[in-house]
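Working notes, beginning with the structure itself.
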Amino acid sequence: MQTHSAKRVEITIEAVMQSRLTDALKQAGVSGYTVLPVLGGSGRSGDWTRAGEIGRASGMVQVVCILRPERLSVVLERAFAVVEKHIGLVTVSDCDVIRAERF
Amino acid sequence: MTEIFALAGQNLLSPIILSFALGLAAALARSDLSVPEAAAKALSIYLLFAIGFKGGVAVAAHGVDLTLALSLLAGFVLSALLPLVAFGLLRAMTGLSALDAAAIAAHYGSISIVTFVAASSVLDSGGIGYEGYMVAVAAAMEAPAILSALWLISRSGGSDGARRMDRDLWREILLNGSIVLLVGAFAIGWATGEDGLAEISSFIVSPFKGVLCLFLLDMGLVAGRGLRQSAGLLQMRVLAFGILMPLVGCVFGLAAGMLLGLSTGGVALLMVLSASASYIAVPAAMRVALPEANPALSLTLSLGVTFPFNLTLGIPLYVAMARAATGG
Amino acid sequence: MTEIFALAGQNLLSPIILSFALGLAAALARSDLSVPEAAAKALSIYLLFAIGFKGGVAVAAHGVDLTLALSLLAGFVLSALLPLVAFGLLRAMTGLSALDAAAIAAHYGSISIVTFVAASSVLDSGGIGYEGYMVAVAAAMEAPAILSALWLISRSGGSDGARRMDRDLWREILLNGSIVLLVGAFAIGWATGEDGLAEISSFIVSPFKGVLCLFLLDMGLVAGRGLRQSAGLLQMRVLAFGILMPLVGCVFGLAAGMLLGLSTGGVALLMVLSASASYIAVPAAMRVALPEANPALSLTLSLGVTFPFNLTLGIPLYVAMARAATGG
Amino acid sequence: MTEIFALAGQNLLSPIILSFALGLAAALARSDLSVPEAAAKALSIYLLFAIGFKGGVAVAAHGVDLTLALSLLAGFVLSALLPLVAFGLLRAMTGLSALDAAAIAAHYGSISIVTFVAASSVLDSGGIGYEGYMVAVAAAMEAPAILSALWLISRSGGSDGARRMDRDLWREILLNGSIVLLVGAFAIGWATGEDGLAEISSFIVSPFKGVLCLFLLDMGLVAGRGLRQSAGLLQMRVLAFGILMPLVGCVFGLAAGMLLGLSTGGVALLMVLSASASYIAVPAAMRVALPEANPALSLTLSLGVTFPFNLTLGIPLYVAMARAATGG
Amino acid sequence: MQTHSAKRVEITIEAVMQSRLTDALKQAGVSGYTVLPVLGGSGRSGDWTRAGEIGRASGMVQVVCILRPERLSVVLERAFAVVEKHIGLVTVSDCDVIRAERF
Amino acid sequence: MQTHSAKRVEITIEAVMQSRLTDALKQAGVSGYTVLPVLGGSGRSGDWTRAGEIGRASGMVQVVCILRPERLSVVLERAFAVVEKHIGLVTVSDCDVIRAERF
């Protein structure tokens, strides 16, 4: 099966910032993204868990975006501008995709 | 004085408070008891809908008057003013940065709807009447505190508040889910009145207190977890603020309530609103606008210290003060 | 005519409709109000269980007769027939592809159980009786439309319907969770009768309308979100179909109801079923069988246009027509 | 004998049992019907809270006596003892490894609170009284079985039980969410008594049976899924154990109940507790302490075989036996 | 710690197709897979979110499958046959696993 | 945008073991981790799904930990000690992170 190289950007960010991040991704021209729920975690700002929470202040989501390698730098710039002052994590890894025409 | 203790004692033995205590104890003991997030949110949707609806029905029954408008205005002013008081106290009492102090101050200007509900149910049991529109006042007090806090930050330099206040944030604050639901249900209750209530009262009236128990069980779990995780974080002085601020806030509420000429229960509720601190709308807004502020600090203070204080000792105290002041 | 407006006005002021409107408005205004998915599913499980159970009890109380069997048959035929009508209309009125037209047609042959429930509650308030087994007719109308749509596709060439219809899909359609729950609860209600109902009526009867309010709040949120996201997608002609089709469908329901000799309420409910469009069972089946069809199109049309139309204006209209036709 | 069949027949036609059967059938037929995890957990929180609370109120009403303390002790001993019996039976009847046998044995020493509730509601319908504190006995029987199982493993060599029993595990067993909630709600009910119950009875009493129906629908779905997935896994002899063990267990419960001089209902409930097998607390503890044991085996046996057996035939049988023995 | 190279296949697919996909994976001989919930996303067919949804038509799941490199091509073929006509995304990346005997 | 190489450790483990695993990660000195919910899966011990489950015995979670390459071996040792006797999966892959100072 024919595959094509792509980049997988995974951004873990506070739930309140989700729409700002995805707006930025769209402006950076990504073809799509997927949002995964996050149950809990730990970092410099302490431990947290979603269990029993009613507000949106203390939760995170993970936004995964697959993109062509040449788009990476502009997407990272835009995403970083949103994440910068916020709790969050941005990782990039290599992957192969099938159906490259979709990206 | 004896009256306060009697009321406090009776209050402490209600299933509602004991459910909170159970959750708190379970979390502090590190039990794995937990309410699923979706269930907790569903409970809060139920409570907001029921509270708003019943408030609207009360207004439909008793009509609108000038006091309603003035009370809304008073709520708005209190919510905008109290953060300044809280900020001043925090800067004087504690070594917190301006940012952290402003974030906490925003919480204390806003309100806790569950504290409001718990107080209403104490008034109901005690047969003390109150204005039905107090729910609308509660809604009016949700957001102004946020603006005050941002103004404080922009004034105390560091970074400009205007930049932090983009259009999206405005919308998020004003159309925050809990405000929309509370106000929307209020409007529905108002529009449909007693007839509407009759249709759905076996859903929003009869089981209400029981649902509140489960909700407070969850609040206890969340508060206990917060306390456990940020035990090291909270200095004594910050903790003291969590008890002092409601006592200061309630005085503002008392003054406003007397000026407005509210009923005994109305005064008590305005005191409760002034004394309580937000843990839904404000924390989310603060994460967007003041991301550098430590969220654990404000949440633990408002949910882990002030909320239980109000629930157990505060409410009976405020009710007693309101009775003394109004002679009710 | 005045009667329709009176009924419509009264209907529009019910907490149920206003809750839907609140959700719709909140979503259109981009509030972050949302009902957790698990809670929405739990509400729908409650409603299906309660609706089915009560239908079964009604049949147990009034016995089975030939009309029941004929009504089921009529439901089956209506569900299979209406997609052909819808498909014809869509191809004539709009520029949609055969695939998209077939997918939409399947939705309109099938039914919306919440519209059915809202109509039942309007009948109840109006004191208009109806056959308890109409719930079973509703269940019988869920699936046949899907088969008609697949037949339409295989006929209009392009790709063969048989291939799309594998064994798994058959099982998924017939054992779809919502059908199984509705039919199962109907059977339980039938088997346990009034005694069974007495045991659980304070769960499935008294709070029913209140739960329905929260469910419709959620439906409003989902519909509003859908409308906002596919605003650009829906041409005027497609929108017009969303209003026209229920008006056409209801006439088929009326004819069938009169032929069967149903009561006034029964005729009205058969009209409602014919006029309403699915947004649970059919969309899922279409995603499997016709993945090339645009799901946003059919869902927005059925939930964002036809559902609110039926809820507000449709139901009073159908009831008035049924009363006129049956003289009830 | 006829009495058993009458009771069994009546029991089988209750909405509660039929809801379980519906779930079971749906899962076996591979319907996609499912209850969201968060909703299932919310239902179980409701049930545990209501059961515990009502038990506590009953104790508050009737006072504490020596029999209560002795009953708790008896529950503790039964829970610790029954795993030894189960282990012996399993090793004699089946070819299971010591590890798997011990894990299963722990489940059968512990209890199923839903079986307990179903039995209480059969007793209620039959007008047969029982001691309110039996809920506390149920709680006392949750955990000891786990310790027995670990002791069995350490004795039968292989690996040392002490190492498996770290401090975290102790806490997890004793502060397991379901135990904490049951005991906590019991304490709240005890503390607030009839007054507390009056405040929340339209939440925890009236809708209780209806909620139980939905919960059993879910249990049926989970049991059916388990049975379908581990169909190949369960040899006939293991299945036979799932029916034999409750019959053996109930005799121990009967003996203990007679020794304690419990009422007819109390004896029946102690039999039910002895005959039922855990599927919440024990499975989690076993995953931590005996990860090598096959979890599908014990869960399927307890939830897929013993639970339905008790629900349908077991309870009427135990009630009949208790009536015969106590002459009640 | 000894690790072994493997492939990580991540398939984002409509929830209604989940069982068809996992059946295909099993037929392709994978030793297992893990299904993650997806909260929402965006792509050519628009934005979506699970919030408040009651049907299964408009949600996706993510199926993650770790496999030996030599199994990759057959698994991709089979998975692709299911995904082909459907909304969805297939990515492949390299990873190392401990306990290779399990795959 | 400046990125730094890091390792992405993904551990799929029984929910009952979550706190033991994260305690071990903390002891191994990780700077943080993120916990993702898992809906269901399949493996040698059969199929499972969270749907309708009330106990914690039959669910899994995914713990994702981003760390500096030099920390990898000690983290794997510690994590493996917890996972060893349990159902579970440990994978490691390469990624790049922005804001390396956070790790």
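Think of it as A, B, C, D, E and F in the order they're written, each chain with its own count starting at 1.
The criterion applied here is as follows: a residue touches a chain if its C-beta (ideal position, glycine included) is under 8 Å from a C-beta of that chain, and two chains touch if they have at least 3 such contacts.
Remember, it's a predicted structure, so these values are computed and weren't measured experimentally.
Note on connectivity: the fewest steps through touching chains from subunit D to subunit F is 1.
In terms of the stated touch criterion, the partners common to subunit A and subunit E are F, listed by label. Homomeric contact subunit A/subunit F is classed as different-residue, with under half of its interface positions used by both copies. The two copies, subunit B and subunit D, are related by a rotation of 120°, based on C-alpha atoms and rounded to the nearest 5. Counting C-beta pairs in contact across C-D and across E-F gives the higher total for C-D. Annotation: 18 Å between the Cα-based centres of subunit E and subunit F. If you average the Cα atoms of subunit C and of subunit E, the two centres end up 34 Å apart. One inter-chain figure worth recording: subunit B and subunit F are separated by 38 Å, centre to centre, where each centre is the mean of the chain's CA atoms. Among all residues of subunit A, those that touch two or more other chains are 36-37, 49, 56, 93-94.
Multi-chain contact residues, meaning those touching two or more other chains, occur in subunit B at positions 32, 34-39, 41-42, 172, 202, 206-207.
Working note: touching chain pairs come out as A-B, A-E, A-F, B-C, B-D, C-D, C-E, D-F, E-F.
Residue ranges on subunit F touching subunit E, taken from their complex, read 10, 12, 36-44, 49, 60, 62, 73, 76-77, 80, 89-94. Residue ranges of subunit F in contact with subunit D, taken from their complex: 14, 16-17, 19-20, 45-58, 85-87. By the touch criterion given at the top, residues 34-37, 40-41, 43-44, 168, 172, 218, 221-222, 225, 229-230, 279-281, 283-284, 286-288, 291-292, 294-296, 299 of subunit C touch subunit E in their complex.
Residues 13-15, 18-19, 22, 25-26, 29-39, 42, 202, 206-211, 213-214, 217 of subunit C are the ones touching subunit B in the complex.
Chain contact summary for the complex, subunit E toward subunit F: residues 1, 3, 6, 8, 22, 26, 31-37, 61, 66, 93-99, 102.
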